[in-house]
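Can you keep this structure in mind? I'll have questions shortly.
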Amino acid sequence: MRVRRRPRRLRAREQVLGRRAPGSGLLHRSPAGLKVAALAVFTAVILVVREPVVSAGGVVLVLLTALAVQVPLRMLLALLRRLWLLLLVLIVLQMLLNDPLTAVEVLSRILAALLAAQLLILTTEPVELVGVLRVLLTPLKIFGVRPGRAALAALIMLRSIPFLADQFHQAGQQAAARGLERSLRARTVPLLLGAVERARDTGRALSARGIDQV
Amino acid sequence: MTESPQTISFRDVRVLAAGRLLLEVPQLDLSEQRISVIGPNGGGKSTLLQLVNGLVEPTEGYVTTDGLDTVEHGRQVRQRAGFVFSNPAAQLVMPTPLEDVELSLRRSIGHADQRRRIAQDCLVGLGIADLAARSSQELSSGQQQLVALATVLVFKPQILLLDEPTTLLDLANAARFTSMVSRLEDAHGICTITATHDLELAAGAERTLLVEDGRIAADGEPEQIITAYRSRSTA
Amino acid sequence: MMQPQSADTVISAAESKHPQRRTRGGNSAQDIALIGVFAALIAVLAFAPPIPVGSFGVPITLQTMGVALTGLALGPWRGLAAAGLYVVLGLLGLPIFAGFAGGFGVLAGPSAGYLLAFPITALVTGFIARVVVRRAAPRWWVPLLFVAAIGGSILVTHPAGILGMSLNLQVSLQEAFFMDIVFWPGDVVKSLTAAAAAALVHRAAPWILVR
């Protein structure tokens, strides 16, 4: 477990948005917009149809697709480990409240949708999604939405996530050092002030360069 | 250089924020090529620098840079006076340095190819062409600060405003940054106004301003001002 | 030196040597930076592991606190934009929802209603917060901002969340309501914390909402 040995700070930074499946299968090479559209259709179908066969078939379809495009199942299923508590609660609730067939449909529908999305996440660079956002917003120009500004905000968001994750982690350590590990406020205030400062610095630098869109 | 065409003038300037006086400068004319600004944190150094390119607008009075009012002609003033901030990471927004430098040109140059060429030349000029396609996120602070300098230099400004540009850098990177700036001063005649806590760096200027408690407490020969500041701070 | 010419500037010039200058108003680059950074703040709080809070150490998740902080700090429109950017990018496939999930798939999950409500929650909380910061004396800020945060939560987040659970988990509205109750105590704690933190920010950085 080499990853575990790394200093926490670095681990947080790397993990945040950086996990991509290695390789260059078909999904890696497909344009992000196409994958987003395919995922939208897939999700819409299983959300509307709501048949046990379709939802369970969806799970199988996602797993087969992963195998076909060389996305390691281990990385795909890592999502279940991160969401284990939620999934456990779901299973218990479904057993209590619904008949077995409905329970299977609900659970497989949720799994199929989440895992399908995970396929997109594991094969797409975050920056590509900013491009998709920009294209999607273009028709909204007539309502005064400016895609260039939204794209700039999205880029700033991507850059700020690792920074704020570090800040939050440090705030937690500082709180613990002062014996305040259970104080939500001791963790939140430094994070919020860090966010405001970061936004001010970024805004000033952009104003100085005369930039307000990309 | 005896007579520099770049003149910055402050007249009856007061800056208020939420009723608090941040800075008061009754009269100030700056025309030296290298000016340093020293003083305690929160004293008004940063506000003074930001007044020069219109990022902070005077609540009263006016500031002109090169004869242009910083409020009325904000865009032109900011093209002439580039600004480098102390936090390198917050100044970059694009995935790679090259794209970030190109972004600076988006308004002024229509052709994408031409933008790319100029941006590339700019990175070459700063000796960081090897960083062009790297991920900005993974650069060291020192490298990021050089890229931030590039995103500003690509406008070909006559004035550079440097707000504690080396505070967050390690010693080697700070030295690299300052030597790059002095090369620009010598080779292109760029005027610099540097706010800094590095008194050695401040001593290299032709004129030094001590900004304290929202006013210019002293103004003159660097050696004299720095000595006065040192003795006052340690007293 | 220029002298003020019109009559009304002469009057204000009596108090100071020069007239108060008109500023350009909103700064769009600054607004965009705030929107981007606060969208990131919501994401970071969403994937923070549950934190044990209080003397019993009950773990609570922080996702909704990011939304409250965004509305409280940025006001209605920028708050809506920041939470909207977070939700839209998450739906497009950025792994920024709880558990590093993302993509349209979450619309099939139990939290779909809560997620889709976030932009409107930030809008409602932001409206109340803006009135509070502009009109109320600073010593009332914490309790009133708490009202803004919990108000957005009660009026928008919880109803939408209950509806979403009822639809996606095939349970009745009443059953979904009882599932939702689990989140109420944590919500009060988070709203209080958000209000205290936001009040601090508006004192320390008044430029954020002064307009």
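When the chains are written out, they are named A, B and C in that same order, and each has its own residue count from 1.
What we mean here is this: contacts are C-beta pairs under 8 Å (C-beta built on N, C-alpha and C of every residue); 3 or more make two chains touch, one makes a residue touch a chain.
Source: prediction; values computed, not measured.
*Asks:* Classify the inter-chain contact topology: is it line, ring, star, complete, or other?
*Replies:* complete
*Asks:* Find the two chains joined by the most C-beta pairs in contact, please.
*Replies:* A-C
*Asks:* Name the most central chain, where centre means the mean of Cα atoms.
*Replies:* C
*Asks:* What chain lies farthest away from chain C once each centre is taken as the mean of the Cα atoms?
*Replies:* Result for the farthest chain: B.
*Asks:* Mind checking the centre-to-centre distance between chain A and chain C? Centres are C-alpha means, answer in whole Å.
*Replies:* 20
*Asks:* Quick one: report the Å distance separating chain B from chain C, using the average Cα coordinate of each chain.
*Replies:* About 34 Å, centre to centre.
*Asks:* Of all residues in chain A, which are in touch with two or more distinct other chains?
*Replies:* 152, 155-156, 163, 198, 202, 204, 206-207, 211 - these are the residues of chain A that touch more than one other chain.
*Asks:* Of all residues in chain C, which are in touch with two or more distinct other chains?
*Replies:* If we look for residues of chain C contacting two or more partner chains, we find 207.
*Asks:* In their complex, what parts of chain C are in touch with chain A?
*Replies:* Spelled out, the residues of chain C in touch with chain A are 27-41, 43-45, 47-48, 51-55, 57, 60, 62, 65, 69, 73, 81-82, 85-86, 88-89, 92-96, 98-110, 168-171, 175, 179, 189-190, 193-194, 196-198, 200-201, 204-205, 207-208.
*Asks:* Enumerate the contact residues on chain A facing chain C in the complex.
*Replies:* Per the touch definition, chain A meets chain C at residues 16-17, 19, 32, 35-36, 39-40, 43-44, 46-47, 79, 82-83, 86, 90, 93-94, 97-98, 102, 105-106, 109-110, 112-118, 120-121, 124, 126, 129-130, 132-133, 136, 149-150, 152-158, 160-161, 163-165, 168, 181-185, 187-189, 191-193, 195-196, 198-200, 202-204, 206-207, 211-213.
*Asks:* Which bits of chain C are touching chain B when the two form their complex?
*Replies:* Checking each residue of chain C against chain B gives 1-2, 16-21, 23-24, 206-207, 210.
*Asks:* Using the touch definition up top, name the residues of chain B that touch chain C in the complex.
*Replies:* 11-12, 14, 17-18, 57-62, 71, 74
*Asks:* Going by the contact rule set out above, which residues of chain B touch chain A in the complex?
*Replies:* Touching chain A from chain B are residues 50, 53, 55, 75, 78-79, 82-83, 85, 87, 89-95, 103-104, 106-107, 136-137, 148, 151-152, 155.
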